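The two complexes that follow have chain A in common; it is paired with chain B in the first and with chain C in the second.
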Partner chain A sequence: MEDNPTSWFMRITVTILFLFLLAPVLLVFPISFSGDQILAFPPSSWSLRWYEALLGNNVMMSAFLTSLGLASVVTVLSLIIAIPASYAIVRLKVTGSEFLFNLFTAPLLLPTIVLGLAILIIFASMGLLATFTGLVIGHLVITLPYALRVLSVSLGNLNLACEEAASSLGAKPLAVFGKVTLPMMAPGIVAATALCFLVSFDEVVITLFLTGPRMTTLPVELFHHVESQADPLVASVSVLLILMTLAVVMIVDRTMGLTKAFVK
Partner chain B sequence: MTTATFDMPVGAQKPSSTAGIAVALLLPIALVNAIGFILPVFNLARMSFNEALPGGGIAEAFTAANWTGLLQDSFYIELILNSIMVSLGITFATLLASYPIALYLHRASGAWRTFLTVLVISPLLTSAVVRTYGWIALLAEQGPVANVIAAMGFQPPRMMFNTTGVVIGLTEILMPYMILSLMAGFGRLDPKVEEAARTLGATPFRTFWRVILPLTLPGIALGCLLCFVLAISSFITLKLMGGGRVFLLATEIYDQAIVTLNWPLAATLSMLVLIIFGAALAVYSRVLRMIEG
Partner chain C sequence: MMHQTIKRDGVETIGNPHLSLEGINKKYGLVEVISNLNLEVRKGELIALLGPSGCGKTTTLRMIAGLIAPSAGKIAVGGRDVTHIAPHGRDMGLVFQSYALFPHMTVAKNVAFGLEMRGLSRADIANKVAKALAMVQLGHLAERKPRELSGGQQQRVALARALVIEPSILLLDEPLSNLDAKLRDEMRTQIRDIQQELGITTVFVTHDQVEALSMCDRIVVMKGGLIEQVGTPHEIYERPTTPFVASFVGRTNRVKGKRTGDGCIRIGSSMIRSARPAVQDDVMVMVRPHRIHVDWSAASTERQGETQNRMAAVLSRITFVGDVIQYHFDVGGTEFIVEESTKKSQASRRQGDEAVLSWSVEDTLVFGADQ
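Presenting the complex of A and B:
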C-alpha cells in the first residue's frame, strides 16, 4: 500500500465516504443538546431542555414502555419457540428439514411493506389490530427467522462427541440436552437474544400497519413525530436508542465477538 | 438471502419415536409461520382479485379488474416506471459510494479492519427513522449542507421533500448492505494479481479497469440485486424524505391500505412489487451466468 501512488487519493475518498455513511448518526448527538425551539444545525444555543421535554412527554414514555415490554416478550418467546425448532431441524434431522428451514426463514425475503399489509388484512378479520397479542405475533414472524438461523448455525457447529459421551454414560436425552447441549449453545443463544431484541425494538413498517392510537411503539411514534414536526426531541430519543443498542452490542461482543455474531 | 449450512451427523439412525418428538418441537414455529406468513400472503394474493367498492368496502369476486385497471392507468404506469428508475439510480449511487470502502476494507488487516467493519455495520443497528431524521437535519433549507454549498458561491438546490433527498438518504441507508455484499464477493481478489499487473507496467487506472473490476463483478452483481430490492420496497425514508410529495410504489401501497382503504388495489400493487423482485432475481442470475461463463 505504501508505495502505491494512488493510495493517498484512495484514503481521502474513503474518509469522505465514511463521513457520509456516519454523518446522520453522529449528527443527532450535538442536536440532542440543542437549546433551540426548532431543528437546526449547528444549534444557536446548548441545553438539556429536550431531554427534560422527553421525560415530560407521556406519549413517548408510554410508547417506550410498550416497546420495551413488546421486545422482551417477543425475545423470550422467540427463544422458547426457536430452540426446540432448531434442535428438530439440525439434530433430529427430520424429513425435509432443509425445506422447513427455508420455509421458516422465508418471511425475511418479503419486503416489510408487503408483509405488513398482508398481516394487516388477516389480523383485521381476527380482531388483532392495535392489540398487544397482534404486535407480538407480527414481530415473531420476523424475529423467528433470525433466531432459527443463528441457533441452527450454533447447534450445527457443536461437537457431537460431548453429547454422545453423556448419553453413553447413561444420561437421559432430556438431561443431555439440558446439561450438555444447551450450555454449549450459550454463545448462539446470547446472539439470538440480542438480535431478536434489537429487531423487535427497531421494527417500524410492519408495526405501522398493526398499531393504532390505542397501542403504539416507540419507533412508530418517532416516525409520526418526524412526519409532522421538526424539533430536536427526536434527537434526544435517538441518542438514548443508540446508547441502548451500543450496550446490547457490547454485551454480545463480550460474550462471543461482534463479527462472529453479525457478519457470519 | 443466505442459507446456513449445518454439519449433519452422518449415518445417524433415528428411532421411530423421534418423529413424534420432532413434530412437537416444530409445532409452535409452524403455527406462527402459518398465521403470520403463509395465510396472510396467500390471502393477499387472493385479495388482489377482489373487487373494491367505493368507501372502503370489498366484494368477494374473482376479477382481474385491479390488474387491468392498473396497467391501463397512466398514473400507475408512470409510478411503476419511476419507482424502477429511482431504485436503479439509488443502486448505482450506492455502488459508487460503497466500492472504495469495500476495496479499502478488503486490503486492510488486523484490528484496523475489525474497527472499520464495526463502523460499517453500526448504522445497520440504528433505526431507519433515526438515520432519516439525521438527513433531514443535514439537508434542510438552512442546514449545514446548504450552507456549505452557499459558502462556495452556488445557489443551494432544494434537497428535501423531493427525489434528491430520497436518493441521498436511501443511498446512505443501503451502503452497509452493499459494502458487506461487495466484501463477500471480493474473495477472488488476490493482491498478487494486482501486483503482477503493476509490475508488467499497467497504469493504476488500467489495473483497476482490466484486473480489479472484472474480478469483483460477482460481488457487484450481488450488492446491486440486494440494494435494488431494498430500495424499491423501502418505505420509511421515502415517506419522510419525500414529505408526501414523492410518490413511488411503497408509499402508494401504504396510502391505498391506510388512507384510501382500497385493500384490493394495495394488494395488487404489493403483488407487483413481488413480480419486480422476481424479475430482478432473473436478471441477476442471467448476469451472474454471463460473468462466470
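Presenting the complex of A and C:
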C-alpha cells in the first residue's frame, strides 16, 4: 500500500466527498451558537441564546421527550415482535413464511407518503390520531421491516451446528434459543435496536399525518417551526438531533464495534 | 475380530448390539438418499462411515443423533428404541467439522453446558469440567474464549464438551477435516486413545480412508445411500467385495480381462490367476501398486507359477514422491503403476527399460466388469 501513486489522489477525493456529505451537518453547529435574530451564515455575533430558548420552549421540550419515549417504546416492541418472527421465518420455515417475510418488509418499498395517508384514513376512524398509541403503531409499520431484515440476516448467518450441539448436549428447544441462539444473535440485535431507534426518532413523513397540537414529535415540531419562523432555534434543535444519533452510534460502537453490528 | 459375527439373510448381525439401525430409509421429496440401511455396532466399538461426499454418511450420523428423522426404519440404542426421541433426549455426544463451540462462552462454560442442562451441582460440574479438559490437555485454557484458540485446540474442547456428559454414543462428523495434516495425525491418535480408554461406542464419519483404516475397529463403506461393505480395516483393504471399495480404499491398478476355460484370466496376451474365481466372462482385475514386484533382470515370463502372476512390461514414466517411487509400466497397452520404497539403486532406471512384473495370486482382485 505504501508508495502507491494513487493513494494521495484517493485521499483528497475521499476528503472532498466526506466534506460534501457532512457540510450541511457541520454547518448547523456554528449557526446554533449564533447571536442573531434570523437564520444566517456566518452569524454576526455568538451566544448561547438559542440553547436557552430551546430549554425554555415547552412545546419543543415536550416534543423531544415524546420522541425519546416513542423511539424507546417502538424499539422494544419491534424487537419483541421481530425476534420470534425472524426465528419462525428463518429456523422453523413455517408454511407461508416467505410470504410473511415479504409482507412484513413491504413497507420499505412503498412510498412513505402513501403509507402515511393510508394510516391517517384508518386511524381517523379509530380515534388514534395524535395519541401515543397511534404514533407507536404508525412507527412500528416502518421499524419492523428494518428489524426483521437485520435479525433474519443475523440468524441466517449463525452456525446451525452450535444449536445442534446444544440440543445434543441435552438442552430443550427453549433453552437452546435462550442460551445459544439469542446470545449469538447479539450483534444483530444491537444493530436492529440502533436502527429502529434512529428510524423512529428521525421519522417525519408518516408522523406528520399522525401528530396534532396535543401530541407531536421533535422532527415534526422542527418542521412546523421552520415553516413559521426563520430563527436559529432550528439549528440548536438540529444539534440535539445529531447528538442523539451520535450517542446511539457510539453506544453500538462501544458494545459491539460498528463493523460487527452493521457490516456482518 | 474379537466377537463372533453371524451372517443371516445377507445382513451381518452381532450378538446384542449397542447401536442398531434397522431398515433405515431417508427421502427428500422423491430423492432417496439412504435406502434400507442396516447396521449394528458393538459396545465400545469405533466404527467409521466412509465414503465420498453425497454417499449418505453424514445423513446417517444425523439420523442417529436425532437431528433429522428417518423416513422409515428403526434406530435403537442399548435395546431402547430412540427413533422418535428428540436430540436432547438421546444422550449422545456430537463433534462437528466446524467445531460448533459456543462463541460467547469460555472454554470451561462450553464444556460445562451439557452438565448444567443435566442439573448437576456447581461443585460436580467444576470437577468434571476440570477432568474433561485435563483429558484433552487444555486445562490451562479454561478461561479463554473459543476464538482465542487454534483449530486443533477448539476441536479438543468440542471433544471434551461431548465426552463430559458421558454419552452412550459418541458421534464424530468429519472432526479432523478442518485441521492441517500434521495436527490431523496427532488428533487421530488422541481420539483413538481416549475412545479406547473410555470404551465409548463411537461412530466416525469421514471421507478420508487413512483415518478410517488407522483409527477404527470396523469400517462401513458407503456409496449412493447404500452400504457397499462392512468389515475390519484389514478385510476392507485385503478383501474388498466390490470394485468401488477396492478403488476407494487404497490405490489400485484396474485392468479389463476375460475369463478362460481353465479358470485363468486373459489380459492382452498374458494369462493370470486369481485366488477367487471369476464370476463372469468379462472381468475387472485390480492389483495394489505396492503389491507388485519388479524384476529388472528376468529374461522371460515363463515361470508362470501357481502362486505368482507374471507379466512383461516396459517402463514409461517415473514419478519420485520422496519416500515412495512410482513406476508407470506399459503392459500391452494398459498402464500398470508399481510403488516401491525409495532406495539409491533406482536412480539408474530409465524410460524404456524392460522388466517383469510379478504379484501374488492372493493379491489379484477380480470383479465382474459391470459391477
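Observations, loosely collected:
Note that in this section the second predicted complex is superposed on the first by the 232 of 264 C-alpha atoms of A that agree within 3 Å, B and C clash if a C-alpha of one lies under 4 Å from a C-alpha of the other, contacts with A are read in each partner's own complex, and residues count from 1 in each chain.
In this section, contacts are C-beta pairs under 8 Å (C-beta built on N, C-alpha and C of every residue); 3 or more make two chains touch, one makes a residue touch a chain.
All values reported here derive from a predicted model rather than from experimental measurement.
On the superposed chain A, the two partners chain B and chain C both fit, without a clash.
Of the two partner chains placed around the shared chain by superposition, chain B is the only one that A:88 touches, whereas chain C remains out of contact. Within the superposed three-chain model, A:122 lies in touch with chain B and out of touch with chain C [touch as defined at top]. By the touch criterion defined above, A:172 lies against chain C but remains apart from chain B after alignment on the C-alpha atoms of chain A.
Touch criterion not met for A:52: it reaches neither chain B nor chain C. When the two complexes are overlaid, the chain among chain B and chain C that reaches more residues of chain A is B.
The gap separating chain B from chain C in the superposed three-chain model is 6 Å, by closest C-alpha atoms.
In the superposition on chain A, no chain A position is in contact with chain B in one complex as well as with chain C in the other.
Per the touch definition, chain A reaches chain B in the complex via residues 1, 4-6, 10-11, 13-14, 17-18, 20-28, 31, 39-42, 80-82, 84-85, 87-94, 100-104, 106-107, 109-115, 117-122, 137-138, 140-141, 144, 148-149, 152-153, 155-157, 160, 198, 202, 204-205, 208-209, 219, 222-223, 226-227, 230, 234-235, 238, 241-242, 245, 249, 258-259, 262-263. Taken in their complex, chain B has these residues touching chain A: 1, 3-9, 12, 14, 18-19, 21-22, 24-26, 28-30, 32-33, 35-37, 39-41, 43-44, 47, 97-98, 100-101, 103-104, 107, 114, 116-123, 125-138, 140, 142-144, 172, 175-176, 180, 204, 229-230, 232-233, 235-236, 239-240, 250, 253-254, 257-258, 263, 266-267, 270, 273-274, 277. Residues of chain C that touch chain A in their complex: 65-67, 86-94, 96, 98, 100-104, 113-114, 117-118, 158, 161-162, 165, 171.
By the touch criterion given at the top, residues 159, 161-162, 164-173, 175-176, 179-180, 183-184, 186 of chain A touch chain C in their complex.
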